[in-house]
Amino acid sequence: MKRRDFLKLALGGSAALALTHGLNEIFRPVALHASSSPVRWVFLVDTYKCIGCGFCVKACKLENEIPYDANVSRTWVERYIVTKEEGVFADTPKEARNGFTTSRVDLGQGRYQDISREKIDKAFFVPKLCNQCEKPPCVQVCPVGATYQTAEGVVLVDPKWCIGCGYCIMACPYGMRFFHPVHHVAEKCNFCYHRIAQKMKPACVLACPVGARRIGNIKDPGDAVAKTIMTQRVSVHKPEYGTHPQVYYLGLSEEVR
Amino acid sequence: MHVLRPLYVVLAIAGIILIARTFVVPEDFGIHESGYMYGWYRKANEAEWRAFKPKYQGQEYCRDCHAEQEQQVRSSRHNLIECENCHDPARGHPDDPQKLTLDRSRELCLRCHTYLPYPTSKRSEIKGIHPDQHNPGGECAGCHNPHQAPSPNRRSR
Amino acid sequence: MTVLEEAWTVKELFVYPNEYIYWSIQIVMYPFMTGLVAGAFVLSSLYHLFGIRQLKEIARFSLVFSFALLMVAPLPLLFHLLRPERNFYIFMTPHFSSAIAAFGVVLFVYGSIVASELWFLYRKHLVEASAKLKNQPNKTLAEKIRYWVSTVLTLGAFEVSETTLRQDEKAVKILAGVGVPVACFLHGYAGFIFGSVKANALWMTPLMPVIFIMSAVVSGVALCLLTYITAMEIKKIMASRKRSPFDHPTLEEIQGVEKYELGITSKYLIFFLIFSISLELLDLVFRGYTAVKSWDILRNVIYGKDFINIFLLQYTLGNLFPFILLLIPRLTIRRAVVALVLVVFGVFMMRWNVVIGGQSFSLTFSGYMHYHLPLIPRDLETFKEGLMGALFILGLPFVLFWVLSRIFPVFDLKESPR
């Protein structure tokens, strides 16, 4: 019996070692230096300036290889028309990739509504893009670690690891995520990470003719965008979800959904 | 004790999975700066994204060769608009592509010049037309020069 | 080019551009199937754990059926993934802050428990089958396969003395006991997947895991009972024609056994039905009373768009009718079958109303999305996420169950060891 006991002990011991080693591999804690990066990217949208030309959407699609005619986009522009007596109308025809070229509001299912000048109390355009949240719920729910937050705060998707379950898409309160129609993995705006890493501006920021879109580094006190955020009355979208979004808005009216 | 046999099978399967991990999971996959909840990923992907090719080059890129057009646009109201907004991204131009887009379509101009009566938006300050009434279906560039806006006589050929 | 989900999503009014019904029929099927798994297992454990003698026959049946269902359960997920070839990543780099990552662990643990329990329950039979076939010369191919399968499955534990058999019994009891909370977790985690999504106004509620567990047990018990009744009807036919392959009881004996089990099991079913509907109604009443920001659009969905799906199909047809049918005294088999089919349908509708209902309204709270289930497949995608794919998955457990019952026979009235 002695040999058998020894074998059992050896087997059990090595199994235990393998288990702990395996667990250690999975949960290997890298030394956590609370974001030592000198950069935290933030975005500023000025809705007073946006004219709804849609060049930002077109630029984003072409820069980031999202099929132009597909009805998904990393960014889009919404139009809000607040009327005196008929409530609020909002639309985003084809994500505004071709701009707003008609005054008729798109109600979906082939229906349109024309709103005459006299009925309008206020109307404005609101560009939307991924908020690169400080506490991104989309990252929290990814089952395989295919999406993550970099040290500079940008949330990226690893297209080689995403399994296409769609949980991140369901978890985003802002509807920013979608499946890439060709690569069949999760996709979203990443502040043109490949451009900002080389000190270029994101495509949408470059394209905007009126300066409604700006990007900056909140950790740099000399940064113009950081200064605006700190000194002017800005707001964020849907703060109640606790996501701590990092896209700040000037003029985010209460009708904005 | 025969009762432990199923347990051995289960442990063997778990062992196989753990061994498979060492082959399948890339070395750099782990917990990175943002912690386990937000920073569980394959580190090499960051560099892969950084290496993604930019397509838009910006106005400075066009200036060297197209100085004349650049001067024209600079002194016009269209100086706010990037060349690549209308001509599509330069990419590796002039090597690849050799020629950039010349979009003469109405829809390009209508992006800004469809008049929208929105008093609280800068959009209503842009001079615009009603697409159904002003030269419907026709090319804008037939009468207007987009590099000189507005041109001296409002129209030029 | 069209986006894949445009094949079954129609948008109305103001909806964000990237919003589609991403989680469609297969995500309805997955909790439905795992619910059946959990329910079947709980039914089996009622006998093994609590020794409710009358449930002995159906207990063995449910355990094998639970295993057949378990083998099919990952299939809806495989059909749904846009990158199914990467499915094993969930075992390689699980991100446990995500409820879905629990899938790997739970499936594995639960599968191990059910498989082990089956092993202990059938070890004696496997040993005997192996011994019987070993000495048989000139085996047919089927017999050869059966011999090898039985021998391998014994895991080399050939001793069938009184001591070892008693150990087997004890192991079954322990596993049945441990398995019940794991079965609850198997389904509770599915409820957590939905309930923890703060972005979805309909899904987010702490009640979701409990609602899922309760309705899971309901569906599992109901399906097991239904299949059992069907199997017994077949046995009756074979007994009356005297063509049964093994020693068969008389028609009267079968009838007696059936009605008794029916009565007991339906009582448990009624209990879980009441619990499950109470939780859902509680959730609804709370939402209407507190009327938070999302209530306007949710009210339009629940009382307008989805009124028929929720109140008529799920609550009335799927809950109230079977409740009444089962409570009327002198329960007949025919009435029970109708009630059970309605119950299973009701649980399916509950999954549908949660998954599809939760995607029927936009994040803008100012728009709607309509789901059109692809009926005739045009390509692989509309097969996988369409009616045909769902039916395929619904039918597969029955096929697998038949195969499993060749190895683990479920009708051995005279031969039952315990």
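Labels A, B and C are assigned to the chains in the order they are written; within every chain, residues are numbered from 1.
We take it that a contact is a pair of C-beta atoms (placed from the backbone, for glycine too) under 8 Å apart; a residue touches a chain by one contact, two chains touch by 3 or more.
What you are looking at is a predicted structure, and each value in this text was computed from that prediction instead of being measured.
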Chain whose mean Cα position lies farthest from chain B
C
Would you mind telling me which chain pair, A-B or B-C, is linked by more contacting C-beta pairs?
A-B
Using mean C-alpha positions as chain centres, tell me how far chain A is from chain C in Å, no decimals.
37
Centre to centre, by mean C-alpha position, how many angstrom separate chain A and chain B?
14
Whole-Å separation of chain centres (CA-atom averages), chain B against chain C
47
If you look at chain C, which of its residues touch at least two other chains?
92-93, 95, 97
Multi-chain contacts in chain A: which residues touch at least two other chains?
26, 140, 145-146, 161
For chain B, residues contacting two or more additional chains:
14, 21, 29, 36-37, 40
Residues of chain B that touch chain C when the two form their complex:
1-3, 5-7, 9-10, 13-14, 17, 20-21, 24-25, 29, 36-37, 40
Give the list of chain B residues in touch with chain A in this complex.
11, 14-15, 18, 21-22, 29-42, 45-46, 48-56, 58, 80-82, 84-85, 88-89, 107, 110-112, 114, 116-123, 126, 131
What part of chain C is in contact with chain A in the complex they form?
1-6, 10-20, 22-23, 77, 80-84, 86-87, 89-90, 92-95, 97-101, 103, 193, 197-200, 362-367
Which residues, counting only chain C, touch chain B once they are in their complex?
88, 91-93, 95, 97, 108, 112, 115-116, 119-120, 155-157, 159, 164, 167-168, 171
Provide the residue numbers of chain A that touch chain B in the complex, in ascending order.
15, 18-19, 22, 25-30, 32-33, 35-37, 48-55, 58-59, 62-63, 81, 98-103, 116-117, 120, 122-125, 135-136, 139-140, 145-151, 156, 158, 160-161, 190, 192-195, 197-198, 200-201, 203, 206-207, 209-210
